[in-house]
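One chain, subunit A, links the two complexes that follow: it is found with subunit B in the first and with subunit C in the second.
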Partner chain A sequence: MENLRVLLVDDEEELVETLAERLEIRGIDAEAVTNGEDALRLLLDYTFDVVLLDVRMPGISGLEVLKLIRRQRPNTQVILITGHGSAEDGENGMHDGAFDYVVKPIDIDTLIGKMRDAAKKSRESVRP
Partner chain B sequence: MTDEQTRAFEPEDLAFFGAITAGISHELKNVATIINESAGLLNDLSLGAESGRRPLDPSRIKKMSSDISRNVDRAVAILNRMNRFAHSVDEPRRSADLKDILDDTVELAKRFSSVRGVELQATLPEHPVPVNTYVFGMHRALFTALQLIVLDVDGVLPAQISLSKQGTSACVRMHRGAWVASDEAATRREGLARLMGVLGGEIRWEADDTGRQGLVLHVPADARE
Partner chain C sequence: MESTADDKKKVEAGPEKEEEPETQGEFSYRRIWRHTVLLTLMVSLAPLVIMTVINYYQYQKALTAEMIHPTSLILSNSKRSLEFFLAERLSALRLVVHDRSLGSLCDRDRLEDSLRNVNTSFGGFVDLGLIQKDGRQCGYVGPYELAGKDYKGQDWFREVSLRGEYVSDVFMGYRGVPHFVIAVRHDDDDGNFHVLRATVGADTLSHHSISLDLKPTSDAFIINRDGILQTPSNFNGEFLHKSKIPVPPFRSESQVVEQHDAAGNPYVLGYAYVERSPFIVMMVKRQDDLLTSWLALRGDLLGFLLTSVVLIMIVVFWSSTLMVNRIRRADMRRAEFVHNIEYTSKMASIGRLAAGVAHEINNPLAIINEKAGLMKDLVGMTEDFPHKERFLKTIAAITKSVDRCSAITHRLLGFAKRMDVKLETIDLEELLKEVLSFLGKEAAYRNIQIDFHVDEEIPSIESDRGQLQQVFLNIINNAVAAVDKDGHIDIWIEKRRDGQVRVRIKDDGHGISRENLKKIFEPFFTTKKEYGTGLGLSITYGIVQKLGGNIEVESEVGKGTSFIITLPIQVTKF
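Moving on to the complex of A and B:
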């Protein structure tokens, strides 16, 4: 598979910046933003294989951003990040069209595995 | 405080406790996640240096170390607030600084408000504002007032919160914009009026100097001060 291109969205700036650097070390092209508005703006101009999206953020919530991405970029897959002990937010998000979810703290290898599966689906859906 | 007064807090106390602890656990999980990623990045950088792929950049290591320290401090501050909040039920009435109670409540409510797009801007006096009160009940009254100002006001303006002493009362002011009427808002208003009554205070629905609607909580100051 070609290099993955992912967009990280979480209001914890240190988290997305550090995670982006760890993904870059592993050869994944990662862009980080700290709110849903910036994510939607970037998605108007750029294509990403996967969006990693925090469920609960100030401003537009992760689940609202998910619904807008599904409309704006139906081929882009979304993986949700949830901070809750229960998987309820993640399951709700999958009901609304998320590809999968991860629970904080994030295991990088699990995350990358899910990102690769999501990217495969993204690219298959755009293939003629 | 009489048994009857204490019982007045019981029906929704657990829901309030749940809302506060959910916010705290969310914040702590974020801190743990940042520390986890920072530790993971340090490991990645060490492995890169060991294998000769990338030299270690001391300034990068210094930044990672400072990120971890800052987040440990953040976790300690959250835990200190949580501890003070947990001990607020210890005594039915005691002398306390309303400034500290308000400061803790605002901090504990920040996640609740920020996910709803509302910033809480508190201006607190430098001097203490002593009250003799049921501290848990006061936390709950202040949190209910914050819920009102966040949920029952139109728009995304920040909420202005201040505290001052006026004669024999301490006054907590919260203002944001125009009230929006709803059944839920009416229930919250009734609940807050009841809580303030039990605490020996009162609530007034007043606009501020700039015309923004809001509320003022009058709390009896500690007579011994």
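Moving on to the complex of A and C:
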């Protein structure tokens, strides 16, 4: 499999930066932003296999960003990040087209597993 | 569960208790009950008692009058009869003395003729004697040797000379036969006078007094104005001796009065002064005669009063108890309702707070987790990293702590969300173990052993997870508080024959006194003083009821307490 290209979106800068670094260590090409607007801007110019998206963010919420991505980049798969109290958010997001969700604190191996599955789906849908 | 008494008792939860709920503070149901009973008794008994007292006195008055009236009637008749008798005898003498000359009356044969005539016509005469103005008896016929006797200077002679007639007291004559004397004066044409004197048997008097139809307890007799008995008496003294009853004051008409004897016993005295004589007709009626009928009536009256009082008291006690119990039950339900609302809103606030805290903690936790992960990655990548092993161990400890924190926020959020009633399939054992995980630390510190005893094939039940957790958390929390260090708590999960599931939580703690056991499900009842709200078991009771179950408690002071919660497999009512 080619190198994964993922976009990490979470208002907690420390979290996304660290997560990006850890993914990079594991050979995954990870880009980190801290709000929905930046994410959407990047998505206009670049293609990502998977977007890891926090549900609750100031400004545009994760679920709104999800809807826009699904509309503009239907091939890009989205994995949502939720807190414990908002597991429903993750499930709702899956109804809105998210590939899957992970619960904070994130287990890196589980996350990578889910990302690979998502990327696989993403690339399959690109090919006819 | 703290307690002091020592009886074993089983109670089923519910507001219907006989004891006064002291938790109501100054609002005392016993006081309301007392006031109601007193007021109702006063209002209903006072008129009854007043009416009975009035009746009592009216009847007494009526009965007394009933006794006095006939007595008065008989007395009047008796007086008139005696007066007529005396007047008749005096008239007979007058007729004789008027009809005959002095000379013929001094003649013994003629006088004897006259005695025979008056005895034939009137009867009762024993002798006849004619006394001249100088007091010498010139003629006499009769059983005594009185011819020639000089009466001058004697009281009776003076009296008849002055008043024209005379009736004496009864006295024993020479023959030992009681009699009395009557005499009339006759004025001659020449200004002189002579007196005709006769002796009459005293037995004739008795006919006029004893003829009264009397009961054995009554007495009728004649006395003179000195109180000497002129006829025999049943109870009031000896014949010709002083009567036991004093001489009543003079009245021209017959009188009936109530008097008391020396022993204080009441009696009715009727008396009548007989005109132109020293006689007083007396009649004594003991009130016993009256009392027989009066006592019967009084018994009836008192019996009626007592029966009424007892019946009224029973009704008043019963209805007041019923009413106050209803008020209390209504108050209980209202209080429970209010408490439930308060509790719900309190729990909602706590829920919101818990959710907020959990969220806020979760984000830094996620960062710590990632940072630790990164550190692990970096250390792992560097071959000759100094203290590599120690670093990896430290990082592992950090990650483990993050997991623990994460579990706590998870639970916090889980509890916060349980305000809504939501039915789901529940494995009771798993649920109880989850609850225990909250209390596990405290139990472990105090070395309290908690054992599970689970029947085989316990079915999953359909109920509300959050509410049930609340129930068991409350009860197990109480059990942990009740046992001492090294105590035991046993939890049984049993399948009942009727398909219900029973959870029994038994501790070997202090136990609950019988007195407290009755109140334990009441809102605001607590033995924890300032630490307890008194709501825990009340809410627990409410939840179990709401979920279609039942909660019971058994306790013995010093031996421990068992809470038994029965739950249906499926909730049929909400």
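Here, the second predicted complex is superposed on the first by the 126 of 128 C-alpha atoms of A that agree within 3 Å, B and C clash if a C-alpha of one lies under 4 Å from a C-alpha of the other, contacts with A are read in each partner's own complex, and residues count from 1 in each chain.
Assume a residue touches a chain if its C-beta (ideal position, glycine included) is under 8 Å from a C-beta of that chain, and two chains touch if they have at least 3 such contacts.
All values derive from a computational prediction rather than experimental measurement.
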Per-residue contact with subunit A, leading partner among subunit C and subunit B
B
Between subunit B (first) and subunit C (second), which, if any, makes contact with A:L15: first, second, both or neither?
both
Can A:S61 be said to touch subunit B (first), subunit C (second), both, or neither?
first
Across the two complexes, what residues of subunit A are contacted by subunit B and by subunit C?
12, 14-15, 18-19, 21-22, 25, 83-85, 104-106, 108
Quick check: in the complex, which residue numbers of subunit A touch subunit C?
12, 14-15, 18-19, 21-22, 25, 83-86, 104-106, 108
Contact footprint of subunit B on subunit A as seen in their complex
11-12, 14-15, 18-19, 21-22, 25, 56-59, 61, 83-85, 104-106, 108
Using the touch rule from the top, collect the residues of subunit C that touch subunit A in their complex.
355, 358-359, 362-363, 365-371, 373-374, 377-378, 381, 402-403, 406, 409-410, 413, 416-417
Can you list the subunit B residues touching subunit A in their complex?
25-26, 29-30, 32-34, 36-38, 40-41, 44, 48, 67, 71, 114-115, 117
